[in-house]
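What follows is a pair of complexes built around chain A, which joins chain B in one and chain C in the other.
Showing the complex of A and B:
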């Protein structure tokens, strides 16, 4: 499969879900889609195009919570990034973990660090933060503030 | 028979780094496994947002103590991808040399540890003795045994002197005969065969579904290597082979690493002997608005960095993904059904690197640590008490 065929197949299969298509360089493509379409789009790229899921990265842009899903098509050296923009107040998106195992841990990480709710995730426990960490405090949000004033007071040995 | 829970960690003599594994066993057989991360958080991603692009290289260099160059390698490529721009040819070769030297010593380190875990300490001694020669060669080339500080966005920081090249090549050549002997010792040893063949098999389907990277994927027959698939630096300018095996067991994972060491020696020597002249730095002054992705093949698999720039001298977001983050979940797929005695070597075959996998610490807005030493001690004691209650270990 060539680069053009791969990109055309995504565009033709999901014409109504595309918001923006940015062909950045020969090796990098950024596609913004509607959040509702993430599962079919990701499945198409992962299964039909045979791409590898690199990782997802979450970004708080102050107006939205953005999640970028990075896929590599190894045989044609192309990195496809699927971008979704979620509502800041109640960020929610369907989970990719039931489709492939590789998305399991990173969704747990984004869930605890950015407060995104992944609907249908089999196991949304904490991954990195301790159990004592309070609910609803997300360290990678832009409005993150320290929550334990006593700990700050006692800081410095 | 009632099921028993065997907790391993967070601090355990068999693990060089803290991580908490809960193995549920039925008799001798492992029936379920769970991993608890979070004992090694340092907040690199958050910290990097407060460092300039130039300083960020030094921060990411300290993510991992063994593969200290793979993170800068991916990071500088991510920053360069924001433009996108090309670096000078000589810098590409120097980057390749440093990256491969690191792969050789990291694979030898793993081989030694694997031998040690199996109770085969001869392999351990030999492998670490060879590693010493490579560290010496790296010191000749870069000035440091580890944490080379050679990379910067746009090129490399220091040049390799022409008079140092023959000395380094001689050092590298000196390990080849012993490494050949070690290879035969590993590949032909009947004890190692019994202990590792057919143990902890990761099937090809699982390797794809877990998105495994590096030697773990290649041992399961998935031909996946960033250096070959998405060539960067000078990897498309030298001759080398990607090693792929089919079985996915611990033995194949060991063989892959031994054979890859030979390939790395080949790449490193060929780059050193054909080092082109010219500039080593493209001298970038500012980074434009945009986003960039950089990935590089670390000894343990693909390192992935995502950088978003808002036009200032610091990244607005910097995401780091280490290879163990993708490879460690495969532990669950490989260990279930194995015996408890095999669990440690199955885990070791992943070559896990926890300090890479976790990059987060509790820090306040000004970047100060939120917890004092006493506070952390209290938290850790509380945690131990909780774990005791959970796992009912008295």
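Showing the complex of A and C:
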């Protein structure tokens, strides 16, 4: 499969779900889609195009919480990034973990650090934060403030 | 100087613990063990278990999860023991000082005897720090 065939198949299959298609460079493509369509789009890229799920990254921007799902196709040297923009007040999206296991832990991490609710995730426990961490405090949000009164923030000199 | 401490300094066995470092300090610690620097000429040996160790060598910035493990390990070291902090992260947490996950520096958690600064410190600096510690304790100026 060539680069053009792969991109054309995504565009033709999901014309209504696509918000923006940005062809940044020969190696990199950004596709913004509606959050409701993430499962069929990701399954198409993963199953039908044979791409590898690389990682997902979550960002808290001024207006939205963004999640970027990165898929790589090594044989044609292409990195496809699928971007979704979520509502800041109640960020939630369908989970990709039932579709492929590689999404399981990164969704748990985004859940605890950014507070995104992944609907249908099989096991949405904490991954990195300790047990004592308070519920509902998300450290990578823009409005995060220090809650730990015992923390020492000087170098002691 | 107590008899126990004297015996300890003759051949200190070292337990190497990383509390969430970037592994660069750990690489320098391993460098010390290679024939080029050969820290074994001071009788130092890397111990596989904390229960065999006399010296606790700590790198990294002590995040919330590893702090619990660090306290548990410190309770298991046969006392008297010596604690050495290696690298900027374990001294003052370096660039992670404002991180949500690194609330307190190492010397607020366990008592530290030697601070070896650097990011990462050179093997020469680590050896110099350890030798200074041995001299300090032999003169009787140590904490214990």
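The definition used in the following text is that the second predicted complex is superposed on the first by the 149 of 157 C-alpha atoms of A that agree within 3 Å, B and C clash if a C-alpha of one lies under 4 Å from a C-alpha of the other, contacts with A are read in each partner's own complex, and residues count from 1 in each chain.
The rule we apply is simple: a residue touches a chain if its C-beta (ideal position, glycine included) is under 8 Å from a C-beta of that chain, and two chains touch if they have at least 3 such contacts.
Worth saying up front: this structure is predicted, and the values here are computed from it rather than measured.
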If touched residues of chain A are counted for chain B and for chain C, the larger one: B
Touching partner for A:53 - first (chain B), second (chain C), both, neither: first
Which of chain B and chain C A:27 touches, first, second, both or neither: first
Which superposed partner A:102 touches (first chain B, second chain C, both, neither): first
Partner chain(s) touched by A:15 [first = chain B, second = chain C, both, neither]: neither
Partner chain in contact with A:129 - chain B first, chain C second, else both or neither: both
Touching partner for A:139 - first (chain B), second (chain C), both, neither: both
On chain A, positions contacted by chain B and by chain C: 128-130, 132, 139, 144, 146, 148, 151-152, 154-156
Chain C residues touching chain A - in the complex, by the definition given at the top: 64-65, 68, 92, 97-98, 100-101, 103-105, 107-108
Chain B contact footprint on chain A (complex, rising order): 24-25, 27-28, 30, 52-55, 57, 59, 68, 70, 72, 74-75, 77, 79, 81, 100-102, 104-106, 113, 126-132, 139-140, 144-146, 148, 151-152, 154-157
Residue numbers on chain A that touch chain C, as the complex places them: 128-130, 132-133, 139, 144, 146, 148, 150-156
Of all residues in chain B, those that touch chain A in their complex: 37-38, 41, 45-46, 81, 84, 206, 208-211, 224, 229-231, 291, 293, 295, 302, 304, 306, 308, 316-317, 319, 321, 325-326, 329, 333, 358, 360, 362, 364-365, 368-375, 379, 382-383, 386
